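After this come two complexes, each holding chain A, first together with chain B and then together with chain C.
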Partner chain A sequence: MRALTAILLVVGTAGISGAAEIHAPAQTTAGNAITIATSGSGDATFYLIGPASALKQKVQAGAGIPVDSGQLERAGRYVAVLCASDGCASTSFFVNPAAANRLSLLVHPSRVPVGRTNGISTVAFVFDNFHNLALKSEPVKFSILAKDAKEISANRDSENGVAWVRISSARKEGPVRIGAAIGHANEVRVVQQVAADACNLRIKASRVKNAFLVETDPVRDCSGNPVPDGTVVSFTKSDAGGKTTVDVPIKRGVARVEMPVEGGARISVASGVVTGNELEVAGGQ
Partner chain B sequence: MKSGLSIVLAAITVVLVAVAWFQSGGAERRETLSASTPDQAVRLMLSQIRARNFDAAYARLANRSDVDKNAFVREFNGSYGSLLTYASLEKFDVAGLRTSGDEATVRAHLLYSTAVGPLDDTRDLKLRREGGTWKVLWPVNTAPKLPPQVIPVNYLRWDVINRGAGDDWGVQNVDSPQVRVISMNAIQRPDSVVLVGEVVNEDSVPAYVNVGATLLDPSGNEIAQESSFDKISHTLLPKQVSPYRIDFPHMRLEKVKSVRMDTKALLVAASADPVIEVNQQKLETDPLGKKILSGQLLNQSGQTVNIPHVIAAYYDSNGKVIWVSDGYVAQALLPQVPVSFAVDLPPDIAKNVQTYRVVVNHYDTNSQS
Partner chain C sequence: MSASLRYLLLAMAFCILVCALAVVHLPASASGELPHVELQAESAGPRSMEDLTSKSVPRDYALAWQSMERALEENRAGLLDAYFTGFAKQDLTERVKSQIQSGLQTRYQDRGHKLDAVFYAPAGDAMQLRDRAQFDIQVLDGGKVIYEAPVSAQFIVLMTPGADRWLVRQIQAIPGEKP
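Showing the complex of A and B:
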């Protein structure tokens, strides 16, 4: 008897109140507040389900529901649902990214040999203030500032939130600053341009006491850049006493080693896969 | 009845004690106590060294006045954090070479158990008969001692600051070094397939390198995967080349269609010091008839190298790497003091060797790299 009374009351209430409706703008921009219109009357529950958040609050059907800008920062499809005593109604709308104002700049590699064509890859991802990828095409300004050189810049339009440019490394070693700018964002990365493989690697020998001091000429790459200190140069000597090998790091541009020599000896040099000249020396001379 | 049980128990006890005595090498010790032959004298001394009874072993020397006791102990116990400080004499073989009157020569083959695996050492020991007892003439250590001095070292050192955990996505990091396998040669050995070759650090920063390989069958399926483990110099300075060797035990080359190489390189802090010179490298035959590559290591820096590790690449007349062998050196490398090394290579490969190259890897207990 009690259950039957309760069912009659709910059906009666629904009939009196009428069906609730909900209307949202078709689209809006991230970070903007909106008001969602509703119809009907009585207490209702409002749900807002977005790409990265969900919201539930008690509202009055028939009144506009204000949605705070903080609830609409993520771009994407949102679904608004209003559940009143007579059932639920829903609508969906899109939040578009705001104006591009942030960048993530990926520059690869962090070290590149000089003279490498298209050796530096520079990719800018364009975002709005709320980390939404700005899919609308926007011009991104790329700039290159090498040491002791004027800045070079070029604009590239982003496609689907991404703009990129390939850069060849200079002939001269040293750091190069690569930047990308859009809106208030200006990101800079530094790429170290390093000397390429040694070129025309040459050694000379001079007598010191009972040994030979073997040293390279200043080790440079084919563009004339000094090969960095610490780069290994391998000396090999073959004489009557057997073979001697020493891996010596370049120090102040030159690699040197002292080698005792028995009788005649042949001394050669290499650095990585690059070989240099050979010397024939005589221990007795 | 009671007395019978007592006799049986006593007999069992005697038998068990006798078995334990034999098991613990008592018979061997008893045999060598007399040292009435050169072999017995060496066996006695080595047994005492194995039992770490260095006082008794030292007492077996004929030339105690010339041999410092501490130096003698260090030859077996190691020093300066050398490999022997993490080792123990596991077993030995002794073979008489010649006896002439009161003098004899005995070859002792020592096998140490070390932190990096077994370590062989073969020594020809001279002996002298004093009265009725043979005693060992221990070779006097003539290694030069470096006078106290300051050795200025100003080689480069590389430190690395990586991207922080709190940095935003897209913030630039320092890239891993560029390394490249410059040669690879697959060889069928009697019990395994072996890959040998060389890898170079092409970058301008140091790299920690490991080379792995996967063998694929004609269908492209993986049939084995191994890495070079310690048969490579892992830390490569810019433009440094290291040999590597990867062993695939119980594998046949006929089953292999292709090989997939996998080179991993990490950017690591490193120092260009120490520089180790490898002198007097020679291919020769050792007293046991094995083909070896011998030479001397000379530490040119002022820092002690605790455990040197020698890796040798052998090339044929076409410049192709045909073998890679390696060996740990038992002694630490003190500054400017030469230390001998030898690594063996298979005789069938030795006959094709045209030239070779040796690199020295090192493990240092106080390393800052």
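Showing the complex of A and C:
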């Protein structure tokens, strides 16, 4: 038994000492070429397995294996394996992201009511030239350019490749350009600031034949911005016959409806959660 | 009850206990069981994570790993469609294509993931996570194992919501623990 163990140990040691070896730098940067050192001799097969590639090629053991920059563009863990007649040897190494030079910008929402505090979420993802998330902290310049206004900008340091800022919408409607810049990258998104809910909703009525024409004053929000056409205004008539509601979209800034009235009636108006004035009218007068 | 019967029953109970423990600690394999994923959502910000999201993110991340492991073992890029998008899908599809060209396969034995949510966008449209993963990996050339190793790895992961699930948009291994 002892003899057998000794023989196995010797054979094993001989096998280890004769096996090909492979050595790569522990870390490198994306897009940089490297040379992987090997030992041993004779024909061998080299494998390089990375996040987006699995390369296999014939090499000579003992020679350096050049790995070109194109094979090392994706950041992450790589495994290099050298298989010769006496077995396989392997090593692993990391490719780190290159310098930040690209941005991906998420701005939400694309339409926002005016005067909304922190209503616009802006997130910038920082990448290198090879679409790897650049994890080293870098200053990202956010800028806001509203129509007829001066540009406002602020720097935020990225953390794990992410920088973000919350922006309040202006009091005046119109487009606002939101940008983020780093290195040579500059991304811009446009957010449309639209009127908020109607404010001081008022109606008036005038007689037409056997009905009343009820119409609003120009519908505006509390900052004086016209509420967009298409916004629904609800007119409600209450009389002896019960309650009737008619929904009408705003057209050219006002909403109007013809309501037949028999006897006395009360007409009210609302848009969303906002209510306006009430009118008392009498039919046949 | 005779002494031999008592010993027999004791032995059987011991065997059942051992089997139960083995099943509990058995790691998920690529082809079958869903990888175990634990999520720490407390550190997410600036938006705090909703209850439903804190359940769906680990579930969808586990399904993403399961589909990735199957795609790399069976060399079927189509399996990536359900839970990957953007650069993550593009990179893994490239990996599968080059595995096919080289005649390689990658086999995973998943031993679990600890996810920390590090960023949740104010509008809820993106989430960044850090994954501390443990798995055994084998690379096969024509069915022959050319590389195998236990791996403790860290990943920075970017997920974005899709129609009915969270999708992995970026997954990037970072140095930290033993490669």
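Convention: the second predicted complex is superposed on the first by the 259 of 285 C-alpha atoms of A that agree within 3 Å, B and C clash if a C-alpha of one lies under 4 Å from a C-alpha of the other, contacts with A are read in each partner's own complex, and residues count from 1 in each chain.
We take it that a residue touches a chain if its C-beta (ideal position, glycine included) is under 8 Å from a C-beta of that chain, and two chains touch if they have at least 3 such contacts.
Because the structure is a prediction, the values reported are computed rather than measured.
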First (chain B), second (chain C), both or neither touched by A:Phe93: second
Which of chain B and chain C A:Phe125 touches, first, second, both or neither: both
Contacts of A:Asp247 with chain B and chain C, given as first, second, both or neither: first
Which of chain B and chain C A:Thr231 touches, first, second, both or neither: first
Which superposed partner A:Val81 touches (first chain B, second chain C, both, neither): second
Touching partner for A:Val162 - first (chain B), second (chain C), both, neither: second
A:Leu106 touches, of chain B and chain C: first, second, both or neither? both
First (chain B), second (chain C), both or neither touched by A:Lys56: second
Chain B/chain C common contact set on chain A: 106, 108-109, 125
Chain C residues touching chain A - in the complex, by the definition given at the top: 46, 87, 90-92, 94-95, 98-99, 101-104, 106, 118-119, 121-123, 125-126, 128, 130, 139, 141, 146-147, 149, 151, 153, 156, 158, 170, 172-175, 179
Chain C contact footprint on chain A (complex, rising order): 27, 45, 47, 49-56, 74-77, 79, 81, 83, 88, 90, 92-94, 96-97, 106, 108-109, 118, 121, 123, 125, 131-133, 135, 159-162, 164, 166
Residues of chain A touching chain B in the complex: 104-111, 125, 187, 189-190, 192, 194-195, 197-198, 228-234, 236, 241-249, 251, 257, 271-273
Chain B residues within the chain A interface of the complex: 154-156, 158, 168-170, 172-175, 182, 200-206, 237-241, 272, 275-282, 295, 300, 356-359
